[in-house]
Amino acid sequence: VDLAEIAARTPGFAGADLANIVNEAALLAARKGRDTVEDQDFSEAIDRVVAGLEKKSRILSGLEKERVAYHESGHAIVGEVLAPSERVTKISIIPRGVAALGYTMQLPTEDRYLLTESELHGKLAALLGGRAAEEVVFGELSTGAANDLSRATEIARAMVVDYGMSRKIGPVSMAKERRPSFLPGDYGGGREVGDRTADEIDDEIKSLVERAAERARETLTKNRAVLEALAKGLIESEHLEGAELRKILDGVRVAGIKDPYRELEETAAK
Amino acid sequence: VDLAEIAARTPGFAGADLANIVNEAALLAARKGRDTVEDQDFSEAIDRVVAGLEKKSRILSGLEKERVAYHESGHAIVGEVLAPSERVTKISIIPRGVAALGYTMQLPTEDRYLLTESELHGKLAALLGGRAAEEVVFGELSTGAANDLSRATEIARAMVVDYGMSRKIGPVSMAKERRPSFLPGDYGGGREVGDRTADEIDDEIKSLVERAAERARETLTKNRAVLEALAKGLIESEHLEGAELRKILDGVRVAGIKDPYRELEETAAK
Amino acid sequence: VDLAEIAARTPGFAGADLANIVNEAALLAARKGRDTVEDQDFSEAIDRVVAGLEKKSRILSGLEKERVAYHESGHAIVGEVLAPSERVTKISIIPRGVAALGYTMQLPTEDRYLLTESELHGKLAALLGGRAAEEVVFGELSTGAANDLSRATEIARAMVVDYGMSRKIGPVSMAKERRPSFLPGDYGGGREVGDRTADEIDDEIKSLVERAAERARETLTKNRAVLEALAKGLIESEHLEGAELRKILDGVRVAGIKDPYRELEETAAK
Amino acid sequence: VDLAEIAARTPGFAGADLANIVNEAALLAARKGRDTVEDQDFSEAIDRVVAGLEKKSRILSGLEKERVAYHESGHAIVGEVLAPSERVTKISIIPRGVAALGYTMQLPTEDRYLLTESELHGKLAALLGGRAAEEVVFGELSTGAANDLSRATEIARAMVVDYGMSRKIGPVSMAKERRPSFLPGDYGGGREVGDRTADEIDDEIKSLVERAAERARETLTKNRAVLEALAKGLIESEHLEGAELRKILDGVRVAGIKDPYRELEETAAK
Amino acid sequence: VDLAEIAARTPGFAGADLANIVNEAALLAARKGRDTVEDQDFSEAIDRVVAGLEKKSRILSGLEKERVAYHESGHAIVGEVLAPSERVTKISIIPRGVAALGYTMQLPTEDRYLLTESELHGKLAALLGGRAAEEVVFGELSTGAANDLSRATEIARAMVVDYGMSRKIGPVSMAKERRPSFLPGDYGGGREVGDRTADEIDDEIKSLVERAAERARETLTKNRAVLEALAKGLIESEHLEGAELRKILDGVRVAGIKDPYRELEETAAK
Amino acid sequence: VDLAEIAARTPGFAGADLANIVNEAALLAARKGRDTVEDQDFSEAIDRVVAGLEKKSRILSGLEKERVAYHESGHAIVGEVLAPSERVTKISIIPRGVAALGYTMQLPTEDRYLLTESELHGKLAALLGGRAAEEVVFGELSTGAANDLSRATEIARAMVVDYGMSRKIGPVSMAKERRPSFLPGDYGGGREVGDRTADEIDDEIKSLVERAAERARETLTKNRAVLEALAKGLIESEHLEGAELRKILDGVRVAGIKDPYRELEETAAK
């Protein structure tokens, strides 16, 4: 077992999480009648802990499988190009957990306590990469991106109301204190503000997410061949990781994609 | 008993649902003094589980029966034409359950985990098909479409606030987390947004539903003969299914109905 | 006892309601020292169950009695002319129940499960008939129409937000799910919408009710003689029903009153 | 004891109220060492039940006593002139109950179940009569009218949102059902409406109350001599009733005060 | 002990309050080893009951002590000039109670049950006198006026929404009934009104308070010498009362300060 | 042990806080096997009580450590220049407590009960100093300033709604009474105001914070050399205090930074 590999795939995990993984791995090995726990057991154990149990009964039709494959490939390629401080380590289109039809694991190369503005722009684009792939390849959207949009909107909202990263809203914190939600009168985030500011916050969030969507589409259009290769690989083997995954992803073209941060700065400077 | 037929009519049913149906079918057969459970018992059992008990005391007057027949025929024809990924398998104008005066069963041809944009546009139109038939045939509306409108509005709202399918609102998730409704301050969907965005969301929902209503009317106008045949058949026998239903429905003209998705794309492209 | 008559006056009554009426009738007969229950006992028993006990202590002054007589006559005449699918069977100006100073019983000729748009327009006008009579006869309003306005507004609201009967709002359901009112954050009907839509809904409700008020006034102006006859009869005998009532009501002129539905359609067509 | 007089001063009183008064009167007579209950005992007993105990410790200064005398005289004169369906039977400037510094008893001449539009306009003006007297006599207002304004606003609101008496708002009921106030989400009256309607309701309420204030001022200006006589009488004897009161009040000039109802009608007619 | 003096300093005190003061005074005398309670014990006892215990540990720095001295002098002078119906009886800059750094005792010359408009304008100005002194003397504000502003805003709000003293809002009561605050949906004061009215109320409150602030500044500028004398006296002896205080305060110039009430009237008259 | 030093570093501490520090210091000395408590123990004990335990497991990467060093240096320099009534006594980039990655201790030179307007402007700028340093040095922001922005916004809000320090909002208190948050209907600060005022409050808060951000950037640009020296020192030794810290900080240039208070006054005067 390659402990360095396991460590690299579990950054930010607490001791209890690791114990949980070792336990799962031992059970999996035992279930397969083996005496020793092997690398593949750890790999599957990590997937279980991160993304939930495989749902064998959830069998995708051919068209849906194809769509999910392109969707996850979109996440992976945009993440690789625009969020390079994290590394894509695995892609799978085996349904898992409560609702996921596929997942892309992207891990930071070291423990992080701060995120910069451009890293957040990259995360936004990577989250929108799945939707962008569906647009680019099938010409229409599906319901599969709902969770991605929800997470992207949350990040964009935090950039605007918590981190002061909108030049229009300024270095003001618009977030209400996040009191536990069982307290009446606690509306979650935002809205302790006047109507005009609420509209401006909406505009800024929309602008951040739309810009990220555009970058994701641009990235995928420039990397269409890699997208096809990745999706084809996924449809064939249902998951990709390690050297096999790297080989395809190392082909991405990085140059020449728009940089929203630089644009914003230039706009602000005018 | 044709198990394939039963399976085709019960997609997405869990084991417990199927057991429930078998049980109901056995009871129905027993009540009729038969030793064996027959096809018709299963058919009735499925109807009971899906739509509730027949309400024999709820006797429709002649005019109401006629209106319900055209209403359900409208759902069936629009569904057949604009939502072809699901198959209309049964229409009934026997009142059932708590409030329904009739129902149209439209089933997917395989288990589905994703829905595409054009499938959702088709679903919207099918839901508005009953109302459209009342407009086209009687020239005025009735209270019978309230539940259809409620479901159509929910789908249109989800397209706009959850799935990012409105080009105007963009790939932003406007839905609040759906916390259980016993928590104070939880307003259900939407409205963590500014006033202007709230107005834009309303516009987009209205636009999606109105477009669907227009397509439904257009479909029924082009298929008036099928509509008359279907309604006449329903008034006579109170329900239609299997070959009898297929024979009438196979006459629909599909060509030339507006495609809202293409229109939206063209508008966005300008 | 004429059972057909009793049946005609109790449409939609459940078995328990009927049992209740029989019981009341028996008590009334017994209280009057009779051995047999007669027609008049059933008539009074139905009134009690529908409208509550007579309030003998609530003695109206001459002016108030006159106003109530015209008010109820207004309901009856407008109902007879504009809501003909229900039949006016009784008018009374004997105070009953918690608050009513008079009442007009208008019953459908058969059990109904659907209402058409024009039937709802008729109901609105009938509800506003009492107020219209006060305007036409006395030239000023009173507090006596508050409950009528409340019910009319509820119907108009449902036409706009539940039944999609406003061409301006469209086939969209604006009603929140009607969760039980003990849940915090449940505001009853409406308002999960943006401010502009909320204003448009108000406009449409107002427009529907005002149009109905105009039709009610028009109907009463054209039928002033019947109004006077009915009010005079009521002031004399305090209630009217059966042949006596029919004789007066059969004199109404129906032709030539505005038809709001046709107008709306024509407006929409332009 | 003049029972007719007592009856005239206690319209709308239930049996328990009357028993309460008799009891109070007996106690008062006993306290004064008399064997028989006299007219004055009943008079004081009615005051106690209606307005609360005299507060002997609440001693008004000279200036305050004068202001209260003019304030109550204002209520009485405007009521006499503009709300003639009720009769002013007593005025007092002896502090009573929890907060009142004086009170004017105005009673209907018979039990009432309906109020007409012009009667409500009269009630509004009478409520504003105290404030108007302070304006006319002292040239500036005081805090003493707060309760009058609150009651006048409630009446004006009901005219607009419950009784359909505003031509601008129309025959629409804007009042939410008045659910008991311990239910969350129940905001009391109003506001289930859009913002524009809410503004229009405010305008109509303000317009009704301001018009009433103008009529009250006009009435008092035209009856300045009666106002002075009444206030002077009150400052001397602290309360006025019966023949003494009548003698002064019978001098009021009624003619030529503006009639808001007629104005509204004329405006609406244009 | 001068009982008249004590009575004059405790208007509106109930018997229990007076008993409390006598008790405190006895304890203070006992603590100082005296057999008889003297005038100074009563004075300190009244301070304790009204303003709380002296906080000896809260030692102000030189600059803060100076600021507090001018602040309290500002209250005293503006109160003396613009709210003459109450008499300034004591000023102290010894920190007391929970938060106060100083206090100015201003007492009515007799028990009051009504306040006139001009008295309320005077109270507003007196409350803003502390802030005005800081502006005039130091050229910048401090956090010390927060409580004054809160109380002034409450008074101004009551003038507008409870007492009908704004000519723009009119004689309408905008205050919601002040139900206890543990009831959900009870927002405290105001806001059962439309948005435009809410804005107008804000404008009127702001206008009243700003006008009062201007009068306070004007008063202090015209009485700068008295302000300096008072502040100097306070810095030296930490509290001023009786003849010593009177001697300084009697020097104020009263003539020629703006009268907001007259201005308002003149504006309204145009 | 230098008690004066400890006292200077613990202004505003209650007896219990001091006892807590002595206790912590004793434990730290004991843990290091020493018999006497030394200066360094007290220093660490104060840090623990003020900022929480060191988090040795939270190891920052090189880039993050550099960013945190510049961030904390920014706070220190801007505080030193623009908030001189408090003294920077210690800077640390050792992660502590729940979330902090570094902290700057700035202590008042004496106990304070009032803060002036210009002191609050200085505090705002010091809070924004960390963010400004990130902008000036790295050209982009990070998530590390979220807590600073939240605190700065709270101060700016209090200046506007509690202390009347906005010339636009005026001497009006816009803050709702801060009832405990478990009461329904209690929205925390603000918003008992109309929509226009809410927008104006937002504008004023934004304007105060943006002005402070500009001053912070200006200060750091003019003191770039000190910023580099401080950050370099911190990266090397992870914390700076005492003479070492003073030596670097004493090099700051104070002259010529904008004074927002004077600007505001000048604007108001126009």
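Here the chain labels run A, B, C, D, E and F in written order, and each chain numbers its own residues starting at 1.
Definition applied: contacts are C-beta pairs under 8 Å (C-beta built on N, C-alpha and C of every residue); 3 or more make two chains touch, one makes a residue touch a chain.
Because the structure is a prediction, the values reported are computed rather than measured.
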Same vs different contact residues, subunit C with subunit D, by half of numbers used: different
Centroid spacing, where centroids are CA-atom means, of subunit C and subunit F in whole angstrom: 70
Subunit B and subunit C: spacing of chain centres that average the CA atoms, whole Å: 35
Where subunit F touches two or more other chains at once, by residue number: 183-186, 195
Chain contact topology (line, ring, star, complete or other): ring
Chain order, ring traversed from subunit D with subunit E following: D, E, F, A, B, C
Sites on subunit B touched by subunit A in the complex: 110-118, 120, 162-165, 169-177, 179, 183-185, 192-197, 261, 265
Of all residues in subunit A, those that touch subunit B in their complex: 58-61, 64, 67-68, 95, 101, 128, 131, 138-146, 149-150, 152-153, 156, 181-191, 195, 198-202, 205-206, 209-210, 213
